[in-house]
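Before any comments, here is the structure.
By letter and in written order, the chains are A, B, C and D; residue numbering begins at 1 in each of them.
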Amino acid sequence: MSRVLILAIVLVGGVSSAAHAQSWQTPSDAQRCPSKWGAGDQRGSANHMKPETVLRAARLIKTGQVIELGRVLSASMPIQATRRFEIHTKRTQMNDASNRRGSNEELVVAEIGQVGTQFDGFSHQTIGNSMYNCHKVEEVASRNGFSKLGLENVGALMTRGVLIDVPALKGVQMLPDSYEITVADLQQALKKQGVTLQPADAILVHTGWGRLWGTDNSRYMGPNPGLGVAAAEWLARQDPILVGSDNAPVNVTPNPDPKVSNPVHQIMLVINGIHLLENLKLDELAASGAHEFALVVQPLKIEGGTGSTVAPIAVR
Amino acid sequence: MSRVLILAIVLVGGVSSAAHAQSWQTPSDAQRCPSKWGAGDQRGSANHMKPETVLRAARLIKTGQVIELGRVLSASMPIQATRRFEIHTKRTQMNDASNRRGSNEELVVAEIGQVGTQFDGFSHQTIGNSMYNCHKVEEVASRNGFSKLGLENVGALMTRGVLIDVPALKGVQMLPDSYEITVADLQQALKKQGVTLQPADAILVHTGWGRLWGTDNSRYMGPNPGLGVAAAEWLARQDPILVGSDNAPVNVTPNPDPKVSNPVHQIMLVINGIHLLENLKLDELAASGAHEFALVVQPLKIEGGTGSTVAPIAVR
Amino acid sequence: MSRVLILAIVLVGGVSSAAHAQSWQTPSDAQRCPSKWGAGDQRGSANHMKPETVLRAARLIKTGQVIELGRVLSASMPIQATRRFEIHTKRTQMNDASNRRGSNEELVVAEIGQVGTQFDGFSHQTIGNSMYNCHKVEEVASRNGFSKLGLENVGALMTRGVLIDVPALKGVQMLPDSYEITVADLQQALKKQGVTLQPADAILVHTGWGRLWGTDNSRYMGPNPGLGVAAAEWLARQDPILVGSDNAPVNVTPNPDPKVSNPVHQIMLVINGIHLLENLKLDELAASGAHEFALVVQPLKIEGGTGSTVAPIAVR
Amino acid sequence: MSRVLILAIVLVGGVSSAAHAQSWQTPSDAQRCPSKWGAGDQRGSANHMKPETVLRAARLIKTGQVIELGRVLSASMPIQATRRFEIHTKRTQMNDASNRRGSNEELVVAEIGQVGTQFDGFSHQTIGNSMYNCHKVEEVASRNGFSKLGLENVGALMTRGVLIDVPALKGVQMLPDSYEITVADLQQALKKQGVTLQPADAILVHTGWGRLWGTDNSRYMGPNPGLGVAAAEWLARQDPILVGSDNAPVNVTPNPDPKVSNPVHQIMLVINGIHLLENLKLDELAASGAHEFALVVQPLKIEGGTGSTVAPIAVR
């Protein structure tokens, strides 16, 4: 595909999605609550975790290859301005006993739920003061966590993972800055890959943006390609257990309609109760050509937490 | 089995292992280095992670049942005196955009590698100034992590897990305080369960002590049943990928020979390069009667870290 | 004075003050705002800092003796359950240069404004959502400090200090647990000392309770002698620059009327805009027999902070 | 004074001091220990704190004017790359009692001893592994502070302060980048000011560099004017209680002899046991024309700490 043609596609996509995005408005509480998982539910899409979900995933393990999807956690990784990740080594404390046992440990000071490859919980995002299933911030927030929608409700997830490789569809290694992924992009990529989405899938959307992680952190955290409103709403209708991507916000940045801030976060976490995976390392998975696989992710059980840094794997 | 008989067994075991323990001495660097995984190796038993290891585990998944082995992370959980786990909620930061998107996150201040259910890396423990494969503390320690043996070297582990249920063997729910698990205990339990250990197994030793987690934290962190030197050395010879238990130190506490401090940590981490899993939640797994299963654990890739809190699962 | 007599006094005081306390109600915003320092004022009693205030203090310096009133900050000091003070040494970072310069520093993790000997700012306390001068919490609080009433508004204070030595009046070394200091106690102690309060004074109320600091921390943080409502209101009318004491809450604990929680904090910080000094070390000052002196305290200029740990001095 | 002339002076000063600096070598332990304050001493120049020192200072208080020399502590202030200052507001915790008392506090995460206007203690710096009075790092350092030379040994300081105003001597508002202050500069400035140094003085060297604080933080933390080796050694011979300046390292940066890193820190803290004050706010003091005054500084009593952020004052 020629570079000129790619740009043409981008342009068309941009126009089309901007038209969609401009009309996007957050639903009222009455329109979205109770969620389909029931009044008071705190687990949303994680309710998909059932024995048949696990078995479906296990059957996809054929070669025993494990592909790591998590980034190394280090002080120098790309990170939002309000967050950081620091480890302070507590040097050897020697035991007096004859076996001269020394122990090292480290203090970690970090927004540990929201750094590195991360799993977003439902207390992370709001529409006004209202979260998933219309739990209200002022009723459940404390100084030390949320009494509802805390991350301890999620549990480990093992399900069929599907990679939607948009750069492969476009014949590029990385989508352009601020490229908005459209419904058509997703549908065409799935068709090209010969894969059909199913409820409870973990849908990983490859943008190629992860190539910048550790090589150009400043650009990585700037405007990025990602899902637009229409694509996110279409994905949500496929009833996945989670949606992830190899960029920081999942959403295209800036959002085509600048009056709307990261609507994908609200569409997934607040409106539909679908978890998100951010800053995934997808290069190796994409290069492997695997489009379906067992996806396993183990969010930390942070009581009252809004998210968790994670180290998920694809197994096939 | 009568209570009197149990006590008799305990007594015999104690005497026998004390005899062993009293003679235990740490090997010299020359005796233990290079490790069997090669000079300079940093990954130890995690080198067992190969496609056949994963396939062997996947074949054990038959019902799709997932059993969580990780504890909820909260400020009130049992914890060593030098450590803590705190989350400080950073309340809603509202976006100015029309979609009224609010974000919550939290600062976590914790020895995150060494709290809750935790995976021990090799930089955690020493014999004098010497760690696994004779990497020296003063050569690899910095203020902000270890340049060798950091936890980012481990990677996710998926392997056959084996539960050795010692309380079931003894006919009790929980082993007595400071009960030293012996080689005979392990062998008899395996025989009773009809399971044979294989290289690359994740060996989980059930003590029942986890019943005290959250119900009597003070007792949980005090003297506890666990592995003695002889049992640990025997387990190490079985060539596992990791050894775990439902207590804090894996080792019996206090060690029968009080001149030796937690030798199991040195035997596994320093001498044999075998990872440890501590504070496992094993009650549900034991109750399920599952003695072999797929064990999946995803340590956080903390660059230069000594360990990681984890949320492992057994799948069968 | 016999011990029996002392107990009798205590009893009478208790009854009398309880009567007062039971009727105490927080004033409405309209009753207390704007403060006497003007609408919008953020500095309250610190507005007393004027050249004549300083000169009055300097004239009291006659011997050059400096008496330290601040406690050593350590992890083992008495501390409220929601707070802590930890220092994590960052060991030597060696410079490569020929002069082999090594640097040590430490990370401190602490509610640094509210630990040890501490100076309370106005954003520390509220009546409902309303603070000093009726600044509203929701209008000025952010994740990272208060846009109004932050501690950076205070500045260093140098003024005449007056010690009111209640144990000396009573002929004891330490007031009994939960002893409520009355107006009569204060007036009689001042009379006995031959000292008259003046506007802008730093009034330090000695209880003797500080004897327990470091010797019985648990008792120190439990029920303690301190000011009651009537005594606090009388002190506020004397127009001091600050009121301090050698206990944690300044207020008697528990408050005689258990329906009212630490009213002294509201009387001083919220209603009258008078700063507080807590956990003072007053033993040496009391032993010196000095009843007036120059008091110098330098709160840290924590932008948006609620308080500051301090190391004040009395100079005479 | 014309600008051309100033530059000529700079040039001469630079050459002259470079010649000095190149020959500077750290003394051996034997050459510098025990210190003049006695073997084992931990307090160094702070031993100057005696009644006559305080009285000498108090006599300088004539107008009652207090000039603040401390910077506001905020997350956006200039700071070394290895340090930070963060406050995390812990929002209102409401008390259930009838008086609706709410409390706010904040967690501070900071190298609190080494941020903002700061007072350097002796455990902060080394020559190799040896600190002031030849206390050895490995003998006194722990994970949580230093058992010797901790900041709790210092105590509050009240002494005569002397401002040496080098920009005023040169007729500039701010010394040029990397300008090395020479002995002649100090002597001429003192002569021009009509002030003679005395033992126990707090010597504050004005460079004008503080004008960049908050206006050009990046330049502030870059190459800066400051003391050279010769000037520092001359100052040390005047036997001060402390030396301070309105820049971050006190030393000129980079050091003229690039093979030597911040020798002023070693000359003062390690070799001579003289405390340092960094990042002072000296503009108002310099503008006031006050060359001698009472200097009061209250370092936090951080047990085992290497330094303390402070809010010192000049009183006259």
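Just so we're on the same page, a residue touches a chain if its C-beta (ideal position, glycine included) is under 8 Å from a C-beta of that chain, and two chains touch if they have at least 3 such contacts.
Remember, it's a predicted structure, so these values are computed and weren't measured experimentally.
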| item | value |
| --- | --- |
| Copy-to-copy rotation for chain A and chain D - C-alpha atoms, rounded to a multiple of 5° | 180 |
| Shared interface numbering between chain B and chain A [over half = same, under half = different] | same |
| Whole-Å gap between the CA centroids of chain B and chain D | 49 |
| Computed distance of Cα centres, chain B from chain A, in Å | 29 |
| Sequence positions of chain B contacting 2 or more other chains | 82, 88, 90-91, 93, 107, 109, 143 |
| Touch-based graph of the chains, sorted into line, ring, star, complete or other | complete |
| Touching residues on chain D, where the partner in the complex is chain B | 82, 88, 90-91, 107, 109, 143 |
| Partner chain D, residues of chain C touching it in the complex | 24-26, 49-55, 58, 61, 63-66, 68, 70-75, 82-83, 86-93, 95-114, 116, 123-129, 137, 141-146, 152, 155-156, 158, 258-263, 265-266, 296-307, 309-313, 315 |
